[in-house]
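Both of the next two complexes hold chain A, though its partner changes from chain B to chain C.
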Partner chain A sequence: MISTGASKVSYLPERPNIARRLLIEPNSFAWQDAAVARLEELVRLEKGWDGYSASPVSLANAAFALQMLEVICGVDSAPPQIVPGFEGDLQIEWHTLKGDVELHVKAPNDVHAWRFDCEGGAEEELDLRNDFLVAAQWVNEVSEHPIAFAAAAA
Partner chain B sequence: MPLQPPPHDHNGEVVPHDHDGINVADGIIRRISPQHLIYDEKSGGMKISSAAFNPSSGPNGGMSVDLQAQIEEAGLSATQYVTSPPWLGSVRFTAGSLRAEGYQVGFDPLADNPYHGEVWGLFTKSRQRRLKQLCIWFVPIPGASI
Partner chain C sequence: MTHATSRPDGLPDFRNPPLNEVVLGVQFSPVKGYQQIYAGEVWNLFKPEYPQVQEMPPLAPEFETFGLSSPSAKINLVTGAAHDRFWFLTSTGDELIQFQHDRLLHNWRKVGDETNPYPRFEAMLDRFRSELGKLQAYMAAFSKPALAITQCEVSYINHIDVDSSRVADWLRFASFTNEPDDFALNFRQVIRDKEGRPSARFNCEAATGMKSGNRQTIVLTLSVRGAPNGPEIDSALDFVTSGRNVIVSRFAELTTDFAHEKWERIK
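Presenting the complex of A and B:
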């Protein structure tokens, strides 16, 4: 199973103000199980799955992608869609009414990011290494519900 | 008429070139795997990911294609040839439309695909979007748009 080991810690006091146990529970986001299942599918692709000579997604890229998703996506983020590249790489995408975001994971810490804003028609492209704040902002923006977005803009 | 062999570098790799024997109206076919279909809220349906139009890496890396005229000159059905394995779809460019966008369209025969070609050039996101505008379905994937 592809896992980053990310977890959350819960304090369960038996008596007020005295912590008796520290329980470690796996993080659980709505998108997470589907993303893990999809990544596991992509690392098992057969050589030549594209009709030419493509390789399956590498385990290193899949694990990195999951780590990246855990820092980019919040509980309410739109679920990511994940497609394979041809040389062990992969691309993570969001296509909503608000816009499009594509993160091409070429290798761990080597990500090409692109977004298209449907409202302004603007495109942005940049390369990311280990700071994914911009990508998190983009995903948050395209994940906003149109009604909530309209209310905030009013 | 069979294509002349492509130029090679000192490592025996085909170098990017624009092949004289590939005519402007010739079909340039790109196979599309269902793995590259994604859902777009805006259209409410499936479409092809830009990832389907990425080149391979390396100095000579291009986007793999099949050369329709060469397949048909060999007496084969191009739709059957590119639909192997049978679950793949494909889209079709013309060589002229790719060249008009600055791409080179060359010949890169492989042991298991003697009609294999390559498209060389820039594959930025905006260019990938443009590529999607230039092609039409050759073997459609039901329910999906380009």
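Presenting the complex of A and C:
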């Protein structure tokens, strides 16, 4: 909450309290629980977790990744694999019999996207900022139960 | 370089708008080498104009992203060792800077009997530009580039005193056949650039509330959030200015002619 509320207002009905810890509203999806748990684990890694000098995943990158996943994953999406990088970055991956999608979150608003289509054997790469509609389509195409994509796009 | 911001000619304008608070803000990548123990030095940058300080819980990182339509679930990650947020306040408390290791915000708000005048956006933006410049110069001692801005926000919080009138007298988008005792509504819209690409998100929240003296009020909060075109201060201020223009235009669209008359619309 960035407003500072000098004027006292009692809300009717009472507005939900904004929690300071992990908060998932009741409409969360299955992938969210797994992704949040994994990201919380990665931001708590010790410095040098790889046996050398790798940093833990930065909170900014983890938060960005989560908000990226919100606009990529559908209701029934399978949880992706989330792999820490060396410099606080992370990679989010889906691997199925239909293909592979990898999203490298280098920094907020700086994502390298790659996919491999098993059927056609084609690879594709893109640099993305904050619009992940293409990545959402890729993930949908490799998922076991693809959705009617056009209807779900914002 | 000194900038003087001017108001666009075509923007709706009100002599007596129901504004209660305005917030201009940026989020930036944490500066390598900066630690919370230096927060007092940051306060020293602003202390002559903001002599009071308060400690607040930190704001979690937030980013606007676009793709599939999502239900806007609020998910926050907290690591435990979070930096505090500090409020640096003017002596009257009507303006304040909010600072934490990855944020700088400038708030104006009504205080006391709520008669303190709104300094207008242009004056606020010029102050915010100066404050960002001071912070950037300070942070440059730790690492360069000092401030890599990743997200911007502008918010207008209006308190609309409705007395015994209907909600629909004030808000075009909230017309009820049977007037409710209370309500809370919100909606979001993607803002697109000239090429049709999503560039920001407009948020509207309206809720009934009660102020001192049992005055029934609608709190109408309009915000624009998103990533600036580049990480530097000028891009961030361009975003904030565009966001303000969206908010003021949408405010005029979302509120009624009756309300405009009460607030003395002049454009």
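The rule is simple: the second predicted complex is superposed on the first by the 117 of 154 C-alpha atoms of A that agree within 3 Å, B and C clash if a C-alpha of one lies under 4 Å from a C-alpha of the other, contacts with A are read in each partner's own complex, and residues count from 1 in each chain.
One rule holds for everything that comes next: a contact is a pair of C-beta atoms (placed from the backbone, for glycine too) under 8 Å apart; a residue touches a chain by one contact, two chains touch by 3 or more.
These numbers were taken from a predicted model, which means no experiment stands behind them.
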Contacts of A:87 with chain B and chain C, given as first, second, both or neither: first
Touched partner set for A:108, first chain B, second chain C, both or neither: second
Contacts of A:132 with chain B and chain C, given as first, second, both or neither: second
Between chain B and chain C, more extensive residue contact with chain A: C
Chain B versus chain C as contact partner of A:32, first or second or both or neither: second
First, second, both or neither for A:49, with chain B first and chain C second: first
Partner chain(s) touched by A:60 [first = chain B, second = chain C, both, neither]: second
Common ground on chain A, meaning residues reached by chain C in one complex and by chain B in the other: none
Interfacial residue positions of chain B with respect to chain A in the complex: 31, 33, 35-36, 38-42, 47, 49-51, 54, 56-57, 64, 82, 84-85, 88, 113, 116, 124-126
Of all residues in chain A, those that touch chain B in their complex: 42, 45, 49-53, 81, 83-87, 91, 93, 95-97, 102, 104, 114, 118, 123, 125
Chain A residues touching chain C - in the complex, by the definition given at the top: 1-13, 15, 18-25, 27-28, 32, 36, 39-40, 43-44, 58-60, 62-64, 66-68, 70-74, 107-109, 129-133, 135-136, 152-154
Residue ranges of chain C in contact with chain A within the complex: 20-21, 23, 25, 29-30, 57, 59-71, 73-80, 87, 93-94, 96, 98, 102, 105, 107, 109-111, 114, 150-151, 153, 155, 157, 159, 181-182, 184, 190, 197-198, 207-212, 217, 219, 221, 226-227
